[in-house]
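Chain IDs A, B, C and D follow the sequence of writing; residue 1 opens each chain.
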Amino acid sequence: MNAVPGPAERAQAVLAQGVHKSYWVGPTEITAVRDVSFTVRPGGALGIVGESGSGKTTLARMVVGIEEPDAGTLTVAGEPMLTRPRGASARVAQAKRAQMVFQDPYLSLDPRRTARQSLEDAVRAHTSGTRADIDARVDELLQHVGLGEREAGARPRRLSGGQRQRVAIARALAVDPAVLVLDEAVSALDVSVQAQILRLLVRVRAETGVALLFVSHDLGVVRYVCDDALVMFRGEIVERGPVGHLLDHPEHPYTRLLRASIPQEGWDPEAIGQARRDFLAGLG
Amino acid sequence: MTSTPTRARPRTVGRARAVLRRLGSLVLTLWVASFVVFASLSLVPGDPTAWLLRGHNPSPQARAAIREQYHLDEPFLVRYGHWLGGVLHGDFGRSLRDRAPVSHLLATQLPTTLTLVALSGLLITIVGMTVGAYAALRHGRVSERVVLLLVTIGFATPSFVAAIVLKWIFALKLGIFPTFGLGDGGWGDRLQHLALPTVALSVTYLALVTRITRSAMLEQLSRDHVEVAIARGLPRRQVIWRHVFRNALGPILTVSGPNIAALLVSSMIVEYAFGLPGIGQLLVSAADTNDFPVVQAIVLVLVAAFVIANTLVDLVYPLLDPTITSPQAAR
Amino acid sequence: MSALAEPALKRLRQRTRGISALSIVSAAILVIFVVLALASSWIVPYDPTAGDFTAILQDPSAEHWLGTDQQGKDVLSMLIGGAWTSLLGPLGVVVVSTVLGFVVGMVAGWRGGWVDSVLSRGMDILFAFPALLLAILAVSLFGKGLTAATVAMSIAYLPYTARLVRGVVLQERARPYVLAYKGLGLSDTFIAVRRVLPNIAPLVLAQSAINFGYALLDLAAISFLGLGVQPPEPDWGAMINGGQSALLAGAPYAALAPAVAIVIVVIAFNEVGEELADRIQGIS
Amino acid sequence: MSDVLEISDLSVTLDQGAARPILDGVSLTVAAGDFVALVGESGSGKSVTSRAALGLWPGQATVSGSVRSCGVEMVGASASDLDRVRRGQVGMVFQDPRAGINPVRRIGDFLTEGPQLALGWSAERANARALELLEAVSLPDPKRHLRQYPHELSGGMLQRVMIASALMTQPALLLCDEATTALDVTTQAEIVGILTTLCVDLGTAVLFVTHDLDLAAATCDRIAVMYAGQVVESGRAEDLFEDPHHPYTVGLLDSRPPLGGLAPDTDLQAIPGTPLSLAESPAGCRFATRCQARTPQCETRPGLLADGVQRLVRCWHPSGSTPASTPSGARS
């Protein structure tokens, strides 16, 4: 399924070519992702924008190896991501290529382990250092994401949503991944807290050089975090480009609809509703 | 409750397919169960003829009859085939005690068990759901606490404990109800004889159904759709009836159904305690006197009844909850 | 000294806060019964198997606190002597069914696929055999007594635990925190055994406590039916059966004492089990 | 014009487990036909406030103050008063239609049961009205939808059903509690469009509860911003947007990454800290712990001050063009 990676693939943090994924729901086949191709350069930040059912989450899960494509090539740092990598060294190597931060901060941390313990698990899987080395690394990570001693010793249910997402980001950064995939990672947070996490992400990217694959339905947020973006609709990419250009000069009718749907000055929901009905009717 | 006159066609087809699948799995389970019950005989060490006849009169005729009944001279699978064929035709072999056909014994004893189970099932459903609903609607009050206390005690009271306590109170202290046998009079007399056994059999399950009804109702009461109904000023009675009780029926059925089916088995304890001539008592005395063909037959009949009852619950569930289309998903 | 004792006391108080008084009483009752059972041969006032025909069907008195039965056996001694057999059987059932159920449920839920299908099918078939029925079949095959009944019941209880474990494992397996562990490159075995198992163990433990009550009732029923423990060996179920004639003769204690003991022990187990289950829900 | 909702000095305190009241002296009015937004983050008390208009209180809580819905006092109201308001005068659209519509009953039942069972409408009348409204909310095949079960419809369709059901009796006030939060943005736009058109046509006033300031501003004439159980600022939507006075409003506006991109050499301004939990109860200003402009004065509790025309702000040193004038309601 996956060809031997060539130099072009090695040069990209993420490279997707003709990626295809479908599911069977009872007797009907549902295509979640259809012929999707894109690249993320090392240290780059790509936004994937779409509504529910657009396939953006499936795509994100394939990039970190939770699922595998049915067809097409998908490599991260030059290697395909497998759902079941064979052997400890393969698992560790794959982990260093891509890490994920999930949407729901309430479910993404082990309820029985403190923030510090969660980070220790992550660090220990990738270093064979002494206890002191591990502690030092965990402290560094905690500081990096702005968590203090109190939060470090707390179990998830004693932490707020924003604090939990900080732990999840620190855990992902613990293995020093080439790519950080964020699946709606800020959408469950209050606006004032969301801004904190967004700033953290931008800072992390600048300091560590990690590439970001940022999946979101929120155009403003994507514009702030990403350099480039692609818009997905029903499993396909309908438009792509530098994020500023994409939002300021959308060309595809769906991108325009999406852009117009966001509440803003001169917003006319009735006209948008008509446009939406027309657009959907045009698809047949 | 929700009749379905106008259902789209594909859905009906899907449901029919699901029902067929469930029935298929029922047949498979029954078949495997019959095999287990039959093959269990091979687990005993030594000569099966000698084992079967221990404690009975080992005359040569009896030995020959046993070898013939179980086809012991033939290979295992052939024996099973003969046995299963017989069972399917209602031939369960003969009792070792008096050579009576087991099917005949079953036919005479089964009605008592079924009457007892039916009475108990009615009592449990009606009283359990009423009291459980009452407790849920009195949430946080003393009356709910009282119900919960009774439920806690009832749930830990097995039928044999209930049986002796009832005997002690009603027979010995008050002398109201008979405590042994079925009587020989008509239906009135028979019902009077079944009164205490029915109560004894019901106690544990009554507590269970009460508890399930209460928690299912409370669960529904906390749901958003109930708040919506209240916010629209629907009369309280209608809120409870249309939105709480109606929605609680599904969960109540899933938990209570299998337990009410289990009455068929628990019935033997009550029959034994009150000397009722049901198949449970027949099973106990057969097990006591090494009458294996009878044990085998009754175990098979009860397993079949239990499995069929559970299948019925699964098939009814989708009628209560339209979001479930496949009976299998109900479990 | 007191300075050391104080934090310990405080910890104890913190740990027991929120636990209902009923559960504490229940736990205490269970401890008392276990101690009685273990120490029975030293503390029984009379030989529980030896009758005394000069003192039959006596009411409670200073010599016989709970009276005597129709053979003149001391009811209190029988009760204490019977605690051992009455508790040992259910313990066997719960230990065996929980351990096996855990293994079956864990393997089925974690591996999924055909392994799950086969195991689940097997559990469905075991469900067809109510515990009491399987025990009677076993007794009639292998002879009266506790051993055959206990083994049969262990098998009959197995699918309940297995189904519970499978359900929660399936649920946990799809949780982001487990996906995150996988993404970090930790091995499946490590995640399943060291991380997921401790998270679900308390729930299963709670179920086991409740199962203990059921098993006690079922095994007592077997003895009550005259198919389990055989007199003169003391056992609560057998005592109730044997005490029926005494009851009708006006000496109810031989039957009522073990009846009350059974109800109390089962209530205690149910309470402890439910308290455990409540506390687990509070944690996650 | 008369007010359809008049909340004054409403406080709600949970009897157990909270250090501060969940509502703390909330005052708010909605005039007939007006669109008012209630904006706040999680735990701000915006949902509790909107539910108060129907006399729906959180369990085991103490309520003081006054809530008049269509002239009927809801605090301590009799059952018949509650029923009168709930059955026709005030409607409500809840956040999650999937949870809010009984899954075992048909859509038709959901729409008609209120008027039929509570107001005694005939089945024909209720059905006709239901069809009319389903058409008004642009459901493609109303007759068929009446017979369907909720799980057969998408979230967006169900929310239209919810809106239709709330408008069956042509209420004077419609409460929308995060009514479009769970929906996709394009669906949200369409549904807000339907909602506003219908309510304008029917003359129904709307209390629009949301966490999204932009949506509030795009939909409503007036906005009240809530924080930790208090209204911290209220005013006309344009004024609030162009010239926010309360530091929290300023922070909220600066936290949103703008769709058109940030101005050069500026960055997103996050409000530090986390929203006040129910366990925290600062003595003075509720926002002081997160406020950049905090002074010792903030240790005492600010009242809700009139700050210009139709403008109220609860702050000792509000920013913006108009200086703080005299306290209007200097309550404790």
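By our rule, contacts are C-beta pairs under 8 Å (C-beta built on N, C-alpha and C of every residue); 3 or more make two chains touch, one makes a residue touch a chain.
Bear in mind that the values here come from a model prediction, so they are computed numbers and not experimental data.
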- Message: With centres defined by CA atoms only, which chain is the most remote from chain C?
- Response: D
- Query: Between chain A and chain C, what is the separation of their C-alpha centroids in Å?
  - Reply: 48
- Query: At what distance in angstrom does the C-alpha mean of chain D lie from that of chain C?
  - Reply: 53
- Considering only which chains touch which, label the overall pattern as line, ring, star, complete or other. ring
- Task: Just spell out which pairs of chains touch, all of them.
- Result: A-C, A-D, B-C, B-D
- Item | Of all residues in chain B, those that touch chain D in their complex | 2, 6, 223-225, 227-235, 238, 242-243, 246-247, 250, 320-323
- Seen from chain A, its contact residues with chain C in the complex are 64-66, 85, 88, 91-96, 98-100, 102-104, 107-112, 121-122, 125-126, 157, 168, 171-172, 174-175
- Task: Using the touch rule from the top, collect the residues of chain A that touch chain D in their complex.
- Result: 51-52, 160, 162-163, 190-196, 198-199, 217, 219-221, 223-224, 244, 247-248, 257-265, 267-273, 276-277
- Query: Once bound in the complex, which stretches of chain C touch chain A?
  - Reply: 175-177, 179-187, 195, 198-199, 283-284
- Task: Spell out the part of chain D that touches chain A in their complex, as residue ranges.
- Result: 41-42, 138, 184-194, 196-197, 211-215, 217-219, 251-252, 254-262, 267-272, 274-275, 277, 290
